[in-house]
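Have a look at these structures, which come just after this line.
In the two complexes below, subunit A is the common chain; its partner is subunit B in one and subunit C in the other.
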Partner chain A sequence: MNPLESGLAAVVDPVTLLCLIIGLLVGTLVGVFPGITGSMAVALAAGFTLTLEPVQGLAVLLSIYVGANYGDRIPAILVNTPGTPAAIATTFDGYPMAKQGKAGLALVISALASTVGILVSMVVFIIAAQPVAKLALNFGPPEMFALVVFGLTIMISISSKSIVKGVLAGAVGLTLGTIGRDPITGDQRFTFGINDLSGGLDFIAVIIGLFGIAELFDQLLTHREQKTKPISSLGRWWPNKKEYKEMGKPMALSTGIGIVVGIVPAAGGDIAGLIGWDRARAISKNKDKFGKGSIEGITAADGASSATLGGSLITTMALGIPGDSVMAVMIGSMIIWGLQPGPQLFTNNPDLVVSIAAIMIVATVVSLGISLVRMRGMVKLMDLPNYYIWSAILIFCVVGTYTVTNNMYTVIVMLISGVIGLVMKRTGFPAGPVVLGLLLGPLAEANLRRALLIDGPTIFFTEPISAVMLSLAALAIAVPIIAKVRGARRGKGDPGSLEDRLADRTQREAAESKSER
Partner chain B sequence: MTLPRTLKLTGVLAAAALTLTACSSSSPSADGAEEVSAYPEGDITFIVQAAAGGGSDLTSRALASELEKELGVSVIVENRPGASGSTAMQYIADSDPDGYTIGFVPVEISMLAHQGFDIDPANYDFLGQIMLAPGVISVPNDSPFETLDDLVAAGKSGSVTMANSGAGSIWEAAELGLADLTGATVVPVPFDGGGPAVAAVMGNQVDAAVGGTAETAAAHNGGQLRALAVLHDERHPLLPDVETAEELGYDLNFGGWGGVYAPTGLPDDVREALADAIATSAQSDSFVDTITKSGALSVYKTPAEFTDFIDDEYSRFASLLEVK
Partner chain C sequence: MRPSSSTTSGRAGATDAGGERPTPAPRWPEITIALTAVALTGSVLLLANAIELRLELPGLTPRSWPTFLGALGLGLSLILLITALVKAPRPSDDNEATTRAGWIKLLLAVAATIVFIVVWPLTAFVVAAPVFVSAVTAIGGGRGIRALIIYPVVMTGALYAMFNLLLRVPL
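== the complex of A and B ==
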């Protein structure tokens, strides 16, 4: 038998398929549970799968990886709580869509975009894993720094209402990111003698707090008597022709972004989702809709973050360098099985590479099926009275964040972030930039300082990739500001247009409050 | 339809098994209370300072399943990651010294005190070393440095950049140790983990790196980089063609070792029972097999030897890390 046949035969084996289904069920469950990430589930499952045959074990681990990627979109869309960091950008348009009574549509679009993202990235894995993986090695500290700076410019676009408030929130996030040990010298910064702080703020706890818990507190305090259920009154599930068409452009763009970001070793679905969303917004004709329930926005966010799966797999299998945290665990397991990921894998175990690709593809297609069937049930849950829903979410969030470290400190960080998130919500400060600063700030700092240690400041301009990306970042900051300043000047010169805009704004606010009610 | 039923059945079986274990572990305490060497009577919690899925976690889980066979009770691995491992160390120090809370002790226990953490090895009872993962110096494939001598010479005439797995890590200490021993100018470049550090060498972004055997050996044998020296007193089975630093004339021994510890003040009988179980488990075939595959060496030291060894390491790192 040739490697293709034997690789596929290993996957269609009934035991392997059973493993795959078990992995998918675990994965989707884990994804829905805020705080428990795919990497935790894979790490814990790895203890059990070591006793299985490699292909069966990989079927469990890879399908948890895929399943979690689908599961974490559900709480992001329905209750504004990203199941894992990869779904941060999903909340930007997913939750507004749900509030507008389009939860069903949002869930279906999210599942379709995720599926296309993974499948396309797997095609790249099959055709060109080894040549493409070389790209990962070109991403040294200066390139990573440039990528992250580019990512930070998204602060401007996710603070559409007020750039000043957005940038201020982003600065707070960057400041919070400096808490913990200095990435280069190891000195403690802003830890105030609290030992737990020397590891930095737990990122997952902060996002769950700022998004989910803040929303929950907000609803508790608002305490609206009239029971409207916009989220469960969904009407339509499937996109219509026009909406499919809308999805095309952001889908293509975000998949490409997702694959590239996935290949870069230290960057994963969270960064990809944000960049994908931002770039889709930049090329869109309907920029204003982004962040308010845009179909293009949710397509781009989920397409990009899902396409990182294939990208990470390329780096992991073709270079032996973990493409993300799940893949780090995967490498550990494979080594115990006596399979060394790296260039040798493709020559020594070509059948296994085929099996891996087949498992990923089957898991993705089955996940899509499960998602489409299960969604109706999930959304029905939203019919329950609010007090059941929100107390269940609170319990899930507390348990989820506690299991990250087995330490109450993480739960406290989450609850404090929740209170801060609530205050920000009430005062009109966006939470997105804080998370962005906290996520990307430490990466930017560490890579900047590494690059400076290696070669001094000129390195950013002599390396082509970083030079191009830094220029793009400069443009991304300058263009909207110039546009805004120009717009404001024009506004001053022409009182009519100012009035128009004011009228427009009142109308929009009225529409928003209507949809919230 | 059969699938959910199978799953349900598995669930019921698992629940039944759990109940049985719970019953069986709680019953001896009722009648065997007056016996002196009743330990262990209940479940033992095994604390790991790193998240699930890493090397420390893998080693701990492999050891825990052997300890269960030796002691006849459940040994539950609990991950308490955070603050460079000091969260777990503090947790152990604050636990009751009754033998029911033990943990995996990494090399960092002898380093953190010199890096501003309130961690003192005197607060612990060390129950035995179980493994050692030696460091390896490597350079990019097309590097002009063919030998360790070349690298050192370059560091003496100018400076060399060397990637490592993180600020304050054992591999950064090894780089400082190389500089200290030879007088070469080494610029340590900390990365976020061993994988990225080795990737930096493969991508030719730094002059060299010190990394663990697991990540370096695969890349060396796959022709993605060149290992120059193993920082251990004998050659590593995964890198049979790579000389040790000692063979090359450098007295450099750096490794990520690990063992088992408990809060200080264990009763003597408990300490003996644990030390015996750890000695047998750490040298069992299945434990040795698991850690060897992941690039570590099976190195066992008795509680007394291990305690002395940690004292030596503690004072060695004091001079290396605090000068910096």
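== the complex of A and C ==
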């Protein structure tokens, strides 16, 4: 069998399809509950899927990724609360539509826009991933080191309010990545004679701690009872001809934006949704309708945030650099299965790349079907008391982590990571760079040492690809610092992270748009 | 549950009761954070220099990368410390305000998890897990037979069936 046939055959296997359906249902539920993010759910599921075959495990993880992307729009539209950060921009027009008695229409338009966004981005993945991987195959140690530095600095510049804290978080992640045996000589580093530390910190335990436990602990710490009654009258369901026509232009624009944002390491659906909504508003003839229940607005927001999925897969699978936080978890799981995402994946496991594309496409089509079923049951689920969800997350975190190594030491690492993650969250240190540093640290160190040993330090600046990537990395750190200094001189105060600035600006515009009415 | 993103969370404590003037933020939290970072990164630097080498190789040794990271971290921590000492702190508007009840819930949940980690290997999963789930549900505010007995038993049964029977991972 050729790779195409064997890749597709692995996906149509009944067990894989069952895994896909389970993942979709879990993902949709995860999306519906605000506060449980896709990365948290994929991190939790990673512990459960390690005993499965790689394709079956990927079916669970990827379909959670897709399912959460649909489920998170439901609370955004019905209660004005995004299920995950990727649905922030959905609230701008989704909730106003629901208040006008068009909740059903908003849900269908959102599902259609998400489907088109993901499917088009997957076509781009199928076309572009192999050439990108082919290019990356020529990368030597200096380019690989520069790529890791580039990915890390982009994540820091996007997610950090304070660049110093962001870089420090990245350095902490890279330092955690040095725990265990040295990748070249095998010397013990920071193991303190503890045998369990020889193999390094368990990545899955750390991410479950940082993304799952830390978030749960923060919710316990800050929870206040507040009830927002979901809108129960869904109204008309299907768009008419004129409404379909209205969706065309923002759909095309936002899908393009989403794919590009998705390719940028660490930039995800939240940023794409906000940019997509903002740009669609800028080119629309009906700007005044944005923020008041515009079909163009909800199409642009959901098309852009969903189209990041394919873009993110390109960066992850072709370069081995996570396109977003969910993909960071995915890379961790793939490494445990003995698969290294990156250019080698396309030569060593081409059938797996086919399976990944097929899983994403099937999961998207099935998700569309689930989304079009009238979701009154989902609305009721939002009333589920928090204590059920908290205790379920906690036991899933503990059991999921335990099964990674069948050793209580891993659970202790997870719990400590959770407490550290909570402290980081409350003190303004982003968790993303820690995870990325831990994941890519050994790769960065090994390539740095090889490059210096073979060619000396000048190689990083004489090789064009590494020189460009290191320059971009320097810019990614310098630009926010310069913006901050200029903002302070003008008396505007701290502009915050890129995510915060975009969210603040678009939320302000949406609010102004509403008040003009 | 409320959303997790800082961009979607409510921003508490940014203004005073009149809503006009930002509440002055205390200086000590940022100084404490910076001092902790200095201590930790300084320790990394010292420990990195103490890494024992079995072979002396040309180029970078196993000490070099951790030493560089320790030095980078220490430099950044010192910048944080100087900034915390010199610059007036911004009003904290990133996190939702904590509650006294929240702290109690958090400490009890951490304690329950530690007890579970200790007790599970000594007893059996099917014994320890329902008690743990019931305890965490009660800490979260759950009351009654459905929340404290039926739900923990069903959850334990589902996890046991999934791992022991479906995934063949012994718990």
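The rule we apply is simple: the second predicted complex is superposed on the first by the 268 of 517 C-alpha atoms of A that agree within 3 Å, B and C clash if a C-alpha of one lies under 4 Å from a C-alpha of the other, contacts with A are read in each partner's own complex, and residues count from 1 in each chain.
Going forward, a contact is a pair of C-beta atoms (placed from the backbone, for glycine too) under 8 Å apart; a residue touches a chain by one contact, two chains touch by 3 or more.
In this text, all values refer to a predicted model and were calculated from it rather than measured experimentally.
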Partner touching more residues of subunit A, whether subunit B or subunit C: C
Touched partner set for A:468, first subunit B, second subunit C, both or neither: neither
Touched partner set for A:479, first subunit B, second subunit C, both or neither: neither
First (subunit B), second (subunit C), both or neither touched by A:199: first
First (subunit B), second (subunit C), both or neither touched by A:332: first
First (subunit B), second (subunit C), both or neither touched by A:12: neither
Which superposed partner A:321 touches (first subunit B, second subunit C, both, neither): first
First (subunit B), second (subunit C), both or neither touched by A:389: second
Contacts of A:128 with subunit B and subunit C, given as first, second, both or neither: neither
Contacts of A:174 with subunit B and subunit C, given as first, second, both or neither: second
Residues of subunit A that lie at the interface with subunit B and also at the interface with subunit C: 40, 182, 184-188, 406, 453
Subunit B contact footprint on subunit A (complex, rising order): 18, 21-22, 25, 39-40, 42-44, 46-47, 136-141, 181-188, 195-199, 202, 265-266, 319-322, 325, 328-329, 331-332, 335-336, 338, 340-344, 405-407, 409, 446, 450, 453-454
Subunit B residues touching subunit A - in the complex, by the definition given at the top: 3, 7, 51-55, 57-58, 61, 78-84, 86-87, 90, 115-118, 161, 166-168, 187, 189-193, 195-196, 198-200, 202-206, 214-215, 218-219, 221-224, 290, 293-295
Complex contacts: residues of subunit A adjacent to subunit C: 33-37, 40, 48, 51-52, 81-85, 88, 161, 164-165, 167-168, 171-172, 174-175, 178, 182, 184-190, 215, 217-224, 226, 270, 385-392, 394-396, 398-399, 402-403, 406, 408, 411-412, 415, 419, 425-428, 445, 448-449, 452-453, 493-494, 499-500, 503-504
List of subunit C residues in touch with subunit A within their complex: 1-8, 29, 33, 37, 41, 44, 47-48, 51-55, 57-62, 64-66, 69-70, 72-73, 76-77, 79-80, 83, 90, 94-99, 102-103, 105-106, 109-110, 113-114, 116-117, 120-121, 129, 132-133, 136-142, 147, 151-152, 155, 159, 162-163, 167-171
